[in-house]
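Look at the two complexes coming up: chain A is in both, with chain B in one and chain C in the other.
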Partner chain A sequence: MASIGVPIGDFIANEEAGIDRPMPLAGARKKRRRFSLWRFIVLFVAGAYFLIPIFAGLKFSLQDISGRFSFQAIQNLPSAPGFSGAFWLSMRLAIVTLVVSILLMVPTTIYVHLRLPRMRRLMEFITILPIVIPPIVIIAGILPAAPLWAKSSPYLLSFLYVILSMPFIYRSLDAGLSAIDLKTLVEAARSLGASWLRTLTQVILPNLRPALLSAMVLTLALVLGEFTMASLDLWTTIPVWIVQFNTASSGHVQTAASMLGLIGTWVFLTIIVSIDRSESRKSRRKTGTL
Partner chain B sequence: MTNVNEVATSLPLTHTPPASGSRVELDQLVRVYGSVRALDGFSLTIEPGEFVALLGPSGCGKTTVLRQIAGFEQLDSGRVLVNGQDLSNVSAQKRDMGMVFQSYSLFPNMNALNNVAFGLRMRHQRSSQRLAKAAEVLEMVGLSDQAKKYPHQMSGGQQQRVALARALAIEPQVLLLDEPLSALDAKVRAELRDQIRMLQKRLSITTIFVTHDQEEALSMADRVCVMSKGRIEQMATPAVLYRHPNTAFVAQFVGVSSRVPTLYRGGSVDIFGQACTVRGDERPTEGAEVDAILRPEDLTIEPDPQGIGFVTHKSFLGATTRLVVQVRETPVRIDVRSDQGEELELGAHVNVKVISRDVLVAARVENSATQTA
Partner chain C sequence: MAPFLIYTFLGLGIPTLAVINLAFRNENGTLSTSNLHLISQGIYRIGFENSFKLALLTSIIPGILGVILAYTIQTSRSGLLRRLVATASGVLANFGGVNLTFMFIATLGSAGLLTAWLNLIKLNPWHYGFNLYSFYGVAFVYMYFQIPLMVLIITPALGGLRKSWREAAENMGASTFGYWRHVGIPVLLPSVLGAMLLLFGSAFAAYATAESLTTGIIALAPIQIGVVLNGNVVAGQTHVGYAIAFGMLVILSVTMILYGLVRKRASKWLR
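== the complex of A and B ==
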């Protein structure tokens, strides 16, 4: 591993020294080289840790039973028994979860920031609970308690997913709201004659866009990947289907389904990161002018 | 949003100043935060078109006054009246107040022009009309060329000028400025100070300007209201405030002064062997230990080898030279003509004389040899 890191580190150090700039002192240069070497080792290990399983999955889903390269598994996916039902159920749950979460959390978080800043600690604590309490505990508590009409609808799951997604949504929104001078912006808008609704839609939300998007992607990833609750509530969502659709020849199709979900989430993440980046570049320039 | 400048020049200038500004009356405002009485019976009347500066130390309630007028917070008691109308039940949205905040407050998601046009958009003006108006107001603050820039692309001074334009664009009843210049460097601050004053006169808009910088207050305002602990200490023109402070607080907060310990007896005090009458509202009890508060120009010196004090510092201010003369335990600041000051060596003994008709006294503060505002 180290033998890969050295030449790369060297290459970078040489590149930088080559730029028309006074040569750094020998000691500083050595330090820098060691630093970038470590950087690459860490990056490499972490990258391998994440990428090898994904690569293996991807490779597997692009093989047929005899091990040759083929798109067959992906082609078979839509027609696999139960897949489309599970797919659309997951999608509906995701959309309902997103809408309910946003409608619940955006006004709440803004209100806490504006009017109850001292409650932020408490909010943080409450919203972190779903991470501390295992989903199995939540669902095991809810199922016996929920009325029949709620249990017979898949949207009970959405209700639970709203709870599960709270930590992500609250944290993203909290960070987004802390990054702007919310109180001043709201007061400026109000004194210029904006109603509360227009203040929200034309001043707060546009400045919260990156935070909102990342909250939404995280929620989406969570809903599309959640297994425990869905399986105990007896609804066949994508993760449940992947486990159920388990025949000798189906391994490739299952893996293809997982990969599809992963790639979909990645595409969203990439979009968010690029929006976030341009946003943070803006704010960096802003602090530069103060 | 085509070419904005073109639109602006093709339309007649529509910004005619209102016949006269609004009259503002603040009646016994009280606002309590926990144990802090941020406003403690604050009353003030501002004439139409007047420029009033609220001056006071940090935490004395200046911002709270503006926030009450703008309607951002509830009063515990008291009334805010504009043109005789009680605003108690009017929301911030409906009050028509133009506020410029201490911190940068432009909407980051809009360019300068759209920031300025925001208030007009909220008033449902047609797009072409409001952009023309916004461009015109931007021109007034000298920023036509920055119309397309976003807040993060502008300097602090430019942002505050856009914020001023945004507040002016809605032709507000009252312009509320909360230390709009405090984040800017000295040169930009001086420029903007002149610009604000000029625009305010031209539009004859009633303006309340909050500051803790006495120079800013004295140089800009028609009248200055000195505040302390949620109350008014004195409200007067800059000249009166400086020459005839009513209270020791004002004397010390506005301008430079020295405190000289003395005794109050029979309506006068003894200062360096000279009996001086006492002025102002605060009368001490007979025989009380007090401090006389003296401006550098209230005093003069005579060189005298047997004099009661000696010169410890000299600083050249141009036409005058400021001396610090040590009289017993008390350092006293005295302004003299520079030719006279030049003749004095450090350590030279002098006699100190009071040349003002009367002096202001305040209750004795231990360890308060000299105080500067």
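== the complex of A and C ==
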């Protein structure tokens, strides 16, 4: 029983109530040891499966053609033919996607929470649809349906990426808004004379920041890694470039570009989570001393 | 609300309607079921069968492994481990596609690091019929994002498994096996099945990883849509891609309806 981490207090309560403990102590100890071994095996296998590819990818990125350690692949990356074009295209798409996504989703979600709480189920349903309808189907359907001016612009991709990011963005906004007393905050701000804009930027958004930030990092990772739509819409974004880039030593460069994506996302997320944690700790300490 | 509805109608509604419309029209624009007839046989039928098998394989196995991993993490006393796995799952569950492909080529490609290690102990998987660029290779790579996805989805449900139930069972003399047989598994099963349905959908819809890993030579339904969209198709069959897309929509809708039913059952005990 101890092996599943039951609080000690419950034990004592049981003992005091005179309930017989059916398990002899020696047996419990033996079981616990077996449990730890099992736990070790699970963690070891999972660790190996998830860490070896990351290690292999990093090692390969940090090798030159002859297999020696070097930063050559990463140094060659910016000057590789086509990379800077792909990089800036991906960056432009990412920025447009993030801006449109926030401008669309933040006011809508707040409005639904304040005025149309019954529509929350509908919102939830619509924002889950991009998970059900695969990107390959969306791009297959939009290409024959979109007007020519839209098809000839790369920002058609941003338009669609906003849709793909909705599951993250809506869920985190919804969770963030449910955690605060939105109505009271808004009424307080409004009755103190704040404009709607000021209420939004200085009262509501600071409360949503942690949830919104991690959703934005995931959206950024999504845009920078999206291959399906970009390749079929014939735009060379970073992932499309990685696949197309083929020269003698390209394996190292391609892997280096791929690994930068993974490590970048991870570092960003970790930084945001830890900033958020230390800020909430700071604010807790502040209220504690008051 | 209105801008949001218009936006999602343009970005989701229009493409879906276009796919359904074009799936039922031949090239002259007249209504016909010839495209649907085409995908029910030959290479396109094989594509659907392979996709179905791949999705089944990469939802059941990562589903089970994911539950075991999530349970091990959940009951661990180390808060650091729990936090680490939470962020890692969030990142890795969304880490499909091209990046994953190149990481696995560096790992298990014919000159990969793990291949070299295994070669040292005379266990080179390539000598035993393994091929990273084949069906099973793709399945093995899919596990890399399917297991973290399972951990993400199932962890809240595991948290709903109350300690008092286990205590109650043990106080009444149940063994560990008895507890899982009569309490743990029946309570968790709907949630696990629901999560596996989501995994099924995720694997069935995936395009980028399989495409970049096999350079599009593997017969899977999403890959075939891509091939048709790129214009590699017999003259007169250009609408077959929309029919495949329509078929995928039908299968994924059924998956999500099942998911909705299972979830209702799951919320009975876990809330």
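Definition applied: the second predicted complex is superposed on the first by the 228 of 290 C-alpha atoms of A that agree within 3 Å, B and C clash if a C-alpha of one lies under 4 Å from a C-alpha of the other, contacts with A are read in each partner's own complex, and residues count from 1 in each chain.
Simple rule for what comes next: contacts are C-beta pairs under 8 Å (C-beta built on N, C-alpha and C of every residue); 3 or more make two chains touch, one makes a residue touch a chain.
These figures come from a predicted structure and were not determined experimentally.
K.L.:
If we overlay the two complexes on their shared chain A, which of chain B and chain C does A:207 touch? Say first, second, both or neither.
P.N.:
First partner only, chain B.
K.L.:
If we overlay the two complexes on their shared chain A, which of chain B and chain C does A:197 touch? Say first, second, both or neither.
P.N.:
neither
K.L.:
Tell me the contact category for A:148 with respect to chain B and chain C: first, second, both or neither.
P.N.:
Neither partner.
K.L.:
When both complexes are superposed, which of chain B and chain C contacts more residues belonging to chain A?
P.N.:
Counting residues of chain A touched by each partner, the higher count goes to C.
K.L.:
Have a look at where A:140 lands relative to chain B and chain C in the superposition and call it first, second, both or neither.
P.N.:
second
K.L.:
Under the contact rule defined above, give the chain A residues that sit at the interface with chain B and also at the interface with chain C.
P.N.:
none
K.L.:
Could you pull out which chain A residues touch chain C in their complex?
P.N.:
That would be residues 1, 4-7, 10, 14, 19, 22-23, 31, 39, 42-43, 46, 49-50, 52-57, 59-61, 104-105, 108, 111-112, 116, 119, 123, 126, 129-145, 159-160, 162-163, 166, 214, 218, 221-222, 225-228, 231-232, 239, 242-243, 251, 254-255, 257-259, 261-262, 265-266, 269-270, 273 of chain A.
K.L.:
Along chain B, where are the residues that touch chain A in the complex?
P.N.:
So the residues of chain B touching chain A come out as 70-72, 91-99, 101, 103-105, 107-109, 118-119, 122-123, 150-156, 163, 166-167, 170, 183.
K.L.:
In their complex, what parts of chain C are in touch with chain A?
P.N.:
Those in contact with chain A are residues 1, 3-5, 7-8, 10-12, 14-19, 22, 65, 68-69, 72, 75-77, 87-88, 90-92, 94-108, 112-114, 143-144, 147, 163, 166-167, 170-171, 173, 176, 198, 201-202, 204-208, 211-212, 222, 225-226, 229-230, 241-242, 245, 248-249, 252-253, 256.
K.L.:
Across the complex, what residues on chain A touch chain B?
P.N.:
So the residues of chain A touching chain B come out as 180-181, 184-185, 187-195, 198, 203, 206-207, 282-283, 285-286, 289-290.
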